[in-house]
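Pasting a structure below so you can have a look.
A, B, C and D are the chain letters, set down in written order, and residue numbers restart from 1 in every chain.
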Amino acid sequence: MEHFALWLGAFLTLGILSFLYKDNAWYKLSEAVFVGISAGFWFATLFWDNLVGKFWDGKGEEPMLWVGAALGLLMLFRLLPKVGWLSRWPLAFIVGATSGLWLMNYLASNIMSQVQATILPVFSSGFGAGFDADLATIVGNLVIFVGTFTGLVYFFFSKEHKGVFGGAARVGIFFIMITFGASFGYTVMSRMSLLIGRIDFLLGDWLGMIG
Amino acid sequence: MRRQIPLLITFVVGTLLIVSVFIPPFGELETTFNIWFDIIAVFAFFLGGGNLLRVHIDKLRKKKRDWPFSIVTIAGFVVMLAAGLFKINNPGDIASAVDAPGSLFSDIFNSVQYPLSATMYSLLAFFVASASYRAFRAKNREATLLLIAAFIILLGRTPFGVLVTSWVPDSTSLLQIPNMAIWIMNAPNLAGQRAIIIGIGLGVISMSLRLILGLERSYLGGEK
Amino acid sequence: MPNLGVIISLLIIFGGLAWLLFRSLTGREVKRRVIFVFIFVAVAAPILFPITFEEHATPVVRDLFDRIETLPRGSRVLISFDYDPAMAPEVQPMANAISFHCLTRGHKVVCMCLWATGQTLLSNTINDVILPEFPNIIDGVDYVNIGYKAGNEGVLNVIVSDFKKMFPTDVNGVPLDSVPIFDEINSCADFDLIVALGGGRPGPKEWVLFVGDPADVPVGVGVAAVVAPQLYPYYPRQIIGILGGIKGAAEYESELAHRHEQFADMDKPGLNMMGPQTLAHITIMAFIVIGNIAFFTGRRRKDR
Amino acid sequence: MGQPDTAPLDTAVFADSGAVTVAPVESLLAEDHKYDNGRAVDLSWVPSIDDQLVDSKALGYRVYRIVDGGEADSLADLPPFAAAFTDGSVERGHSYVYFVSALSPSGEFPSVHTAPVKPEREWINLSRGWLFLIMLFISAAVIFFVETARRGKKLFVRKIAGLEAIDDAVGRATEMGRPVLFIPGISDMDDVETLAALTILGRVSRTIADYDSKIFMPVSRSLVMTAARETLKASYQSAGRPDAYSDDMVNYVTDEQFGYVAAVDGLMAREKPATVFLLGAFFAESLILAETGNSVGAIQIAGTARPAQLPFFIAACDFTLIGEELFAASAYLSGEPRMLGSLKGQDVGKALAMIVILVGVVAMTMSEAWDVGVMENLRAWLVRVFSTS
């Protein structure tokens, strides 16, 4: 069994990798297996966690849960042509809930906290001992302030990017580009270790070529 | 009516959730609504899973291109679903966790889904490489900045980065590439992130208001 | 044989890059598949034929190394293993190197974990490094494993003032009162150094806030690469040194191998993993450079 | 409920010879936690005078609670210098008494008991007053400009390149006789980015219906499938071509992140779409999808609010909507004055953020560098206004 699982894993791994050369039957087979199995996996998981887990495992008494179930049932009305439009109710509920919830979350965590965190000193009288460290902090703060400010200028929609405003927007986009470069450089490392893991599996676990 | 009631639902639910932040007794609405969402999502899966089966059975019947692979998809779906729903081979009985070690469900997950998922993920390494060659080009000033930042961060993570600037004295250690990489992460990168994040926050507020007020209503479908 | 392999694979990679450069300079197109083959070889070759690169410890790493190196013999060091198998590829090499370093310098080491998943990983370090490398070491005198306690930050809150209240015995059930290391340890304040390994919560940040700062004990940390930038603001005041990801582990290992001969012969998983990583990174950087050369020569050609 | 003045004996360990005694904490106060649903009590005290930075005898504090005059239970252990604690495990209708022990190596030194407190429910959270006002301000700005625009005032909105390109991109698909592929991210409907993607789909699909291009849309969530079908149906109806719509345009694939990616990659390789939209919440798969789309020669328009994925889209796609632009896209594309008004409204929010940052930085710098007292007060006030806890 163990042996079989190993070979199966290797077969599927190579099937996916073969896509890099071109689309082919081996990849199609791996893809078909993947889609079927994983759809089944998620449905079974959701079924036990979100349905059985909520209604049967001793929590079914909560009346609020049944409102959720009713909304869920309305969703299935789509299958009946005459009353299919009722399925818009749960959709409307979800859209309303998501909008309201995220409006407040984003206001608090994206706007207010970030604005607050940007209130930094850009000059200090404390230069003296440990001058270097302080200078680095002050320069860092200045960069954070200028970058955040001009970055926001870039996102203005209702003003043409011209003159001083346009200049600030251009500085803003420079900062945004540095951010993208940094994120790229930073993510590359972890991406490589994924491939290392897979090659380790093929050459080591499967073929036994690594000592 | 068919559009008015849903619009009303969106408006009431959205407003309620905004207000609940300021009214302590409503504070638990968020949890309740999240639970409802989970429940609706399971019901919706009957539609999604049904659609998946229908598409592939259809392919099979009409012998469309690549139809043999549809057999595999259907078989995989049914087998995994059966293994999960009936808890085949689970140690103990039906009360055990669906993915208990030793169950058919967890065996299939480990020997089939896991390697597939990990390999698909690892394709990223290849695409990072091809994108690096093809797309990261200093076409203009913006692209050049992106490139330089990426390069310094990458360099800071290889032995070369340390080597290249190891002659820089410790008193100006900020000019050593590994430290420069950290500084970029903590200053200009942070600034750009903040501008993007604050912008996103405002974008979300504005879009949410459009949805709650019913200005944006395409998701509700047509009049019929 | 491995050396031959290394030479051949390096030849393939750098020869290939030179070929790529030449093609780009002459303005011919390079197929995506060729790039794919490159990156595969660049990663696979150093896995098959281990290549290690000289690593130089950066100041953040060297600071922690020097602290352990310069503490007087018999100093007490607490190492906490707060991570899970998913983080282990990055963090375990640090755990092994730091444990080795402490014991070889004659410090007394106390091992514990705040994560249930840390227990296996802690035993791995003991079985793979401590016991085989230090055959004369005595459990309870030179090191002790006090195991796992549930309670997250709550555990820290207690041990900062009273260790034995939370950990009445070691992992084998021996009362700490009869464990010689604990003769002079009542609380976290009695340690000379705390090394927090991990990356989640509770983890290094909690160690600093709940123990390091209030008890005024220096804390060094070893974390997964993604977490490291969040900890830099605490360095060097609240955290004396940071090992971030495989790179941090590799730097520590090379510094250790440099100063302690015994370690030079040991397994160095961090440095080994750095081989494929580094080659992959160099290849990626080369792609960026060559891509740009191709872009500029192409443009000049068009201008003519 | 008579309260003894000293703690029960079993919680206090008294000194042997050589034991370390520490002074108990002073001024212990228990108060109902303000602005909650009656679920918490706040404690505060002055730390023991033996709790010192150097050579401290106090090792920390332990909080005890007595419910309705019963037994004392230990609630929590706190580090040295702790001077406050919030008990979040109380219920309305009970009465709670607390005391705090200072810990020393040789035992506990309890404080006096607090007066009993009963947690209360408040109907309005006054501590979030500023949050409320800022929410109101930004919302009012949006609604104000929506109304202004509705009354016919012309508002300027700058061009967004990625959105200007949509018509051409869809037209190209029609000319080439190849389909348009629309990927709304991999999150479910409880993510605003997915909602943004669907609102954009509403506009884009109208163009697709007008041009009579073919669209297909594999999705990874059942709910998204349902909502996307409704959206497409509405677009085809309003384009006057309801017969051209079919449910087959939108298909559920699998919830699994990389299973979905495997399927979409295969689809791209086989169908060779002329135009690909990648809009919504993307994670590690962003570059896999974008590079595959690029390799089949598609024009790609991408957008997400995940900063970590944006560089990959910028590298591999023809046009990228950065963060806020994703949420503004549907309003921009609609061209309706009211929608454009909402964009003007969010700019007011941006201006507010910028002003606060500017004033805050100036105030903090002046107070740090030259000890200007007024400025320190201003800074402290701004920080308080913008704190969210």
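One rule holds for everything that comes next: contacts are C-beta pairs under 8 Å (C-beta built on N, C-alpha and C of every residue); 3 or more make two chains touch, one makes a residue touch a chain.
The structure presented is a predicted model; accordingly, all values stated were derived computationally and were not measured.
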*Where is the C-beta contact count highest, in terms of which two chains?*
A-B
*Please list the single chain whose C-alpha centre lies closest to the global protein C-alpha centre.*
A
*In whole angstrom, what separates the CA-based centres of subunit A and subunit D?*
13
_For subunit B versus subunit D, what separation do you get between their C-alpha means, in angstrom?_
15
*Can you check how far apart subunit C and subunit D are, centre to centre, with Cα atoms defining each centre and the answer in Å?*
33
*asked:* I'd like the Å distance between the centres of subunit A and subunit B, where a centre is the mean of that chain's Cα atoms.
replied: 4
*Interface hub residues of subunit A, defined as touching at least two other chains*: 16, 19-20, 28, 30-31, 34-35, 37-39, 41-42, 46, 75, 78, 88, 91, 94-95, 97, 99, 102-104, 106-107, 109, 111, 115, 118, 145, 148, 152, 155, 176, 179-181, 183-184, 186, 188-189, 191-192, 195
*Touching two or more other chains - residues of subunit D*: 131, 135, 138, 189-190, 192, 195, 223, 226-227, 230, 253-254, 256, 258-259, 262, 270, 284, 307, 310-312, 314-315, 322-325, 328, 343, 346, 349-350, 353
_Touching two or more other chains - residue numbers and ranges from subunit B_ = 18, 21, 37, 40-41, 44-47, 49, 52, 66, 113, 116-117, 120-121, 123-126, 128, 130, 134-136, 146-147, 150-151, 154, 157, 185-186, 193, 196-200, 202, 204-205, 207-209, 211, 219-221, 224
*Work through the pairs of chains, note which ones touch, and then classify the graph as line, ring, star, complete or other.*
complete
_Under the definition above, what is the set of subunit D residues touching subunit B in their complex?_
35-38, 121-125, 128, 131-132, 135, 138-139, 142-143, 146, 188-190, 192, 195-196, 198-199, 201-203, 221-223, 225-227, 229-231, 233-238, 242, 248, 251-254, 256-259, 261-262, 270, 284, 287-288, 291-292, 294, 305, 307, 310-312, 314-316, 322-328, 330-331, 338-339, 342-343, 345-346, 349-350, 353
*Which bits of subunit D are touching subunit C when the two form their complex?*
53, 59-60, 76-81, 103, 105, 295
*So in the complex, which bits of subunit B are touching subunit C?*
125-126, 128-130, 132-139, 147, 150-151, 154-155, 157-160, 162-163, 166, 170, 173, 176, 178-179, 182, 185-186
_Which stretch or stretches of subunit B touch subunit D in the complex?_
18, 21-25, 27-28, 34, 37, 40-41, 44-49, 51-52, 55, 65-66, 113, 116-117, 120-121, 123-124, 127-128, 130-131, 134-136, 146, 150, 193, 196-200, 202-211, 213, 215-216, 218-224
*Provide the residue numbers of subunit C that touch subunit A in the complex, in ascending order.*
33, 36, 39-40, 43-44, 47-48, 89, 225-226, 229, 245-247, 273, 276-277, 280-281, 284
